[in-house]
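Going by the order they are written in, the chains are A, B, C, D and E; count residues from 1 in each one.
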Amino acid sequence: MIEITATSPLHHFPGGIHPPEQKALANQTPIQRLPLAPMLYIPLRQHSGPAGELCVQVGDHVLKGQALTQPGVDNGLPVHASTSGTIVAIQDHPLNHPSGFSGPTAYLQPDGAEQWIERQPIDDLSRLSHREILMHLQLMGIAGLGGAGFPTARKVAGAQGIDLLIINGVECEPYIVADDRLMREHAAEIVRGSQLLQTITAAKQVVIAVEDNKPEAIAAFETVLAADANVTNTMILRVVPTRYPSGGEKQLIQVLTGLQVPADQLPADIGILVQNVGTAFAVARAIDHGEPLIERVVTITGQALSKPGTAWIPLGTPIDHILSVSGFQPANKQRVIIGGPMMGYTIASLQVPVIKTTNCILAPSAKELAPPEHEMACIRCGACEQVCPASLLPQQLQWLAKAKDYDGLKQHHLADCIECGACAYVCPSEIPLVQYYRQAKAEIREQLIEQQKSEIARQRFEARQARLEREKEERLEKHRKAAEARKAAQAARADSGEEDPVKAALARVKAKKAAQQAAEPASESTDAPADDKKAQVAAAVARAKARKAEREAALAQADDQQKADDDKKAQVAAAVARAKARKAERDAAAQQEKQEDGESS
Amino acid sequence: MSWLLGILALAVLALVAGLILGFAAIRFRVESDPIVEQIDNLLPQTQCGQCGYPGCRPYAEAIANGDEINKCPPGGQATIDKLADLLGREAKPLDAAHGEEDVKKVAVIREDECIGCTKCIQACPVDAILGAARQMHTVIADECTGCDLCVEPCPVDCIDMVAVAVKPERWKWNLDQIPIQDITASSEHSNSEDKQVQTQ
Amino acid sequence: MSTEYQTLANDGLWENNPALVQLLGLCPLLAVTGTVTNALGLGIATMLVLVGSNITVSLVRNWVPNEIRIPVFVIVIATFVTLVELTMNAFTYGLFMALGIFIPLIVTNCAIIGRAEAYASKNNWYNSAFDGLMMGLGFTLVLVALGALREILGQGTLFAGAELLLGEWARDLKIQLFSFDYPLLLAILPPGAFLGMGFLIAGKNWIDGRRKAKLAKAPIEKAQRARVTTVN
Amino acid sequence: MSFFIASSPHNHQKRTTSRLMQLVLLAMVPGVLAQFYFFGWGIVWQLLIAGFTAVCAESLCLIARERSPLRGLQDYSALVTAALLAVSIPPLAPWWVIVIGTIFAIVVVKHLFGGIGHNIFNPAMAAYVLLLISFPVQMTSWLPPVTLSGESIGWWDSLRLILVQYTSAGYSVDQVRAVATGQLFDAVVMATPLDQIKTDLAQGLTLSESLSKPIFGAFAGHGWLWVNVAYLFGGLMLLQQRIIQWHIPAALLGALAVAAIIGSLAAPDALPGLNIHLFSGGTMLAAFFIATDPVSAATSNRGKLIYAALVGVLIYVIRSFGGYPDAIAFAVLLANLCVPVIDQYTRPTAYGQAGGQR
Amino acid sequence: MLKSMRKNGLILGGFAVVATALVVTTQVLTADRIAEQQRNELMRTLNELIPPALHDNDLYRDCALIQAPEALGLAEQPVYRSRLASEPNALAIRTTAPDGYSGAIHLLVAVNLQGQIKGVRVLQHRETPGLGDKIEVQRDDWILSFNGERVRTENDARWRVRRDGGMFDQFTGATITPRAVIAAVQRTAWYAQNNMDSLFAAPANCIGEPLANDPLGREEQPYEY
């Protein structure tokens, strides 16, 4: 049983760093509302887990808060229209993802009316079953707003009857102040959300953790908590010292309780659940107001912006819209980072939208965050080891990753790396350590998938072999039976003694027929008549020829640009051949159809 | 006399040693390790036959009997290294005579061209092609091992080997392959043609 | 010369050289290569033992049960080593003295039992004899190369003390290439042997790499692909 | 104009390897100045020759390994190696000694093992050992300190002695030494205090008899005391700048001190005491500059303590009972060999691996 | 199992018998030759110090094992006695300097009846190559500087290295080795002078005792790799 009091000692996690905080850039102004973007790009998948099933069509008019997807068979997390307007397209669009890939996205053209769909708040939690409450959270599209965006309903479902609910307001990464501002301005709602989460999880105690570099947020909470005598029994505020990455789930648990989450377990397994303050806020909105997750606070910061600050951004708002209203002055080789400088990722296109997990848009000038220099050789100085919050051996991991020794990486607990970037931050040789780890992790994951696939392939191969073997045996068995029948016939003939030519001939025919039937699996032989076959083959051959001609033509084109005429000729030839082929095909098809008609009639 | 003694002593010694060894040979015989299983587990199970054996398991048996470990292009260098590790042999580069390491591919049937001959169905070692005679066939992409054994039998050449598209969640963090949007064209919605790749 | 012999010669002298590739027999190799003479002496002794033991093992291979093959090989090798030792003691006394403990130590040279096990016990006697000769020659060549390297660097001479091996007439074989005020002691001392050996191996690998790079340009013959499934 | 893709973290603590190495070089200056003051111009020439050779060797190696020599040289590690070697050898040793040593350090010890970061051994110390066992005469011919002989050799004569082994007046090194010292001291044999003690003890003198010789002065040997103090000062600078951490110097000096105290209590007339061990020979250089070489030292803090204590004890044991008077190089190399084992057993327990303690 | 044991035992035994027989035969055949070689080797060294003209006896057989820990070291050392017309003429004594830089140095010292050194050779040592190994006659003439010298008193002050005020050179960078050799030669010569009669009278109890394992005087050490 974990019990935390306002005076129980705080603990330490190993390592950690103190990068320049840079928070004053954006946390001085209240959370704004920016003008609505002309087009919202709402990716159908904005969290970790499967996407929901699309339930709107192009051309549909949707209302603010209307679900665009529903959980479906994969039990995905829905996304909602962030404002009212028209769905003008559903197509691939650059994703808010470090890979720069595109993915299915709903294009929502706002009509400016901000017309809400009918909201269904829950007045009394106790009227609903636990399952219904979780269903409501899922339908409201609530995902963890702190990090990876894990669906909150599922996280909560796995954490029933826990000892401790930690509301994470640490926000340790430099620059990011979204939670800071939210805590300052909406402390009461966060506390309300925390209470709701406590009720849902039946947690015995709630601790709100805030880093000591956010005095205003601390003061706001203190005021709220002091005003409500009910909560003070089970809910306390703990101020933790500023050190990166104390906001990491595992590190925060260690700081508050001194416990470590065992490597292959979840915090819930040791009776702890951690939720971000933003999530608590979203839960409060979803339950008390029936509002789905359609907007969030985003930090807009960096010295390449003339108007940094924080803002409520409707999900799907493209980054370039936000940047342009914030006075973006890009330089050459400009970096735009989603997230903070320690763990954020650069994006390759400004078209990417804000999604549920986007807490910060950072557009630094080259001066404030110098671009990485050339990677130099590791001199085994051990600085990385000193700062690793997971007590790993970053430099050893780096050698192993470079050597692609994945077994060695597993032995050195690469999986426990939280990619906080502290090691790379202090590395004097500027080795992008985290990048090596990510690639190695991806490779290990890939190998695991491949291994599973190969196991399936093996089973299927073996099943097929077995089936073929079985079929062969069955065939042989039929042969044997046919032969026996023939023998019996002969024997019968012999037995009859006299030479009855008619009978004998009949028997012979019968035996032959039996043998034939046995030899040819009757079901398989659906031989088309000869002319049909011929046509088919002709068509196929023609097609193959056409393709060959086409290929050659293409080759010629590639090989020799100058021979444009020849090229054209070839193309024409190819086209002709293609046309012929198609005709032949059609003929064949028609013939076949006829044939089939004939057969069926 | 001393030399006779020497001969005698050594002879007795050797006799005793021989007796002990004869005893040990029978008494401590161990059954051989199921090495074929272990090798087979390391092979990629594409069942492609590029090694010259009909399937992964026959190749595993051949390796156990001393064949080279570098004949499996789908497994590539990683598999060779693992085999070398398992068998205590030297890891060699992939034998180019058996093909080259390639990106992972799946077979895709151009369905409008398929004549429904079932030849590819018979050719598929893992039963990953669905269809019946004179019906259009299709490949179950998830089950396809990319062995390309179905390509050759197709009389109308309608099967393509297509590289598997990478999903974001299976992306391998190769940052230097990200196409960069030119910032001057950032206001346009259409994908600009002149993409520029900028790597760190 | 048939290909079988060619392969054996190539293996012994280069491809599978007992010293450079298999790294066998390093103890005597590193210890006695202070001069070319010592190296040559030990090399020839090893070669004689290798040839003798290979022939013998090959001749008796069909009568020796599997379980006792190793003891039998050891007896055979030990016998040959003792014979060589006695002979050297009698006829090249000086060298015998110079090589000291390393003549009897030939018995533990893994190159010899390695060849007995890997080749002679599976092949006929004349091939085994040739294999022994080539392996021995390969070993000797490495010894001599290392000896020359160390002798030149350490003393500036070649074939110093050749008379110990070849008789008094060979005293004139000694070549004084240059003389140092201060010899490079490292070359004479055991660490020098290790370093020298390292450089020899590196040299061999470098040459191999170059040869392979040249070979790589040659077109590759496609191997026959098996059909896993039958298509009717 | 284009975007820039980079992996996180995007901010970085601006203390690069180059900068670290530069600061190490800077911190060596006091020690070098002390050596210059007591032993004359030789040290300057040795540093120049070593530095030049190191840069050339490093460039050639990098070119041979198909890497950019300019980028490779930027880390200054070759210069640090060269400087450490140059301050370790006798100031008037012939030029080819330092050249062979530097080339060996860079080419064999560093690049043949895979370049910076991959060498198991401290390059400077491995080269020092090579030189010591290959050229024992040259490597043990130290001059008596200038303050003792009262006469210094000019920069030109120093250079001539190093390059052609004769001064402009035609004297050889031995003769210069004999003239300079007026045959007062051991004119031919090694002249470092540790050497002196070893030789005297071997000759049957007692420790106190040996220590009463003029070379020892009051505390721990003329000149050498101040050279060590200067390196100590430089080392403290490195500590203050957080280029190195306290673990290695503290453990090394601590272990050496403990061993020395125990030794001199056990055999006061055969084993020199604390003052000699800490302030003679290359003790401070070893503690702050050599053993702290990150590449060949252990990595974790616990590992560093063990590693450095091992160096300290080995220094004591070899100095007291070994064949050579000083033992820095051997001790460091031996400890280098143990580093993988030390690292293996001082691995921290990764987060969440301790077993769920609920 | 019994069958396998019997078969293996007999085969292995058979091999052992044949192998041992072969070795024995070779040994018998080479024994004389080896003895002669050893004798020649010994004589060559002895003859260098005591030229054949100075003796007509068989030095090889006129050998006595003497134990004199003070002068010659702990082990029994062979003493070869040269006689001309049955008259004592000179001695060649093996002696040990225990205090070399890297362990004991084995020497052969030849002294004539007057106690004058006829010659000294180093038989075996482990001194630092390039430094201490100048005591070898192959490397330096230094060892010849003993020729003709005589020890006058037990603590003859001339028998020191020059740096200690004696008459023998030291080497650059190495004084311990020459000191050790000089002291050992001095002790041996002094012992020989004072025990000349008993040394010649001692019974000849060793024949052809080998002087050292390594006639070069330099021991290639059997490093254990």
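Operating definition for what follows: contacts are C-beta pairs under 8 Å (C-beta built on N, C-alpha and C of every residue); 3 or more make two chains touch, one makes a residue touch a chain.
Here the structure is a predicted model, which means the values were calculated and not measured.
Asker: Between chain B and chain E, how many steps is the shortest route if every step has to go to a touching chain?
Answerer: Contact-graph shortest path, chain B to chain E, evaluates to 1.
Asker: Nearest chain to the global Cα centroid?
Answerer: The most central chain here turns out to be B.
Asker: Which of the two pairs, C-E or B-C, is linked by more C-beta contacts?
Answerer: Answer to which pair has more contacts is C-E.
Asker: Determine the centre-to-centre distance between chain A and chain B, using the mean Cα coordinates as centres, and give it in whole Å.
Answerer: From the centre of chain A to the centre of chain B is 28 Å.
Asker: With chain centres defined as C-alpha means, what is the inter-centre distance between chain C and chain D in Å?
Answerer: 41
Asker: What is the distance in Å between the mean C-alpha positions of chain A and chain C?
Answerer: 61
Asker: Using mean CA coordinates as chain centres, what's the chain A-chain D distance in Å?
Answerer: 56
Asker: Do you know which chain E residues sit against two or more other chains?
Answerer: Within chain E, residues 4, 7-8, 11-12, 15-16, 19-20, 27, 128, 130 contact more than one other chain.
Asker: Note the residues in chain C that touch 2 or more other chains, in rising order.
Answerer: Those would be 65, 67-68, 71, 75, 182, 185, 189.
Asker: Tell me, which residues of chain D touch at least two other chains?
Answerer: Counting only residues that touch two or more other chains, chain D contributes 1-7, 134-137.
Asker: Provide the full list of chain pairs in touch.
Answerer: Per the contact definition above, the touching pairs are A-B, A-D, B-C, B-D, B-E, C-D, C-E, D-E.
Asker: What residues of chain D sit close enough to touch chain C in their complex?
Answerer: The contact residues of chain D facing chain C are 108, 112, 130, 133-138.
Asker: Spell out the part of chain D that touches chain B in their complex, as residue ranges.
Answerer: 1-7
Asker: Which residues of chain D touch chain A once you look at their complex with the stated criterion?
Answerer: Touching chain A from chain D are residues 1-20, 71, 74-75, 77, 115-118, 294-295, 297, 299-301, 304, 347-358.
Asker: Taking the touch rule as given, give the residues of chain C at its contact with chain E in the complex, in rising order.
Answerer: 26-27, 30-32, 34, 38, 60, 63-65, 67-68, 71-72, 75-76, 78-79, 82-83, 86-87, 89-91, 93-94, 97-102, 161, 182-183, 185, 188-190
Asker: Would you mind writing out the residues of chain B in touch with chain C in their complex?
Answerer: Interface residues on the chain B side: 14, 17-18, 21-22, 24-25, 47-55, 71, 95-98, 119, 122-125, 147, 149, 153.
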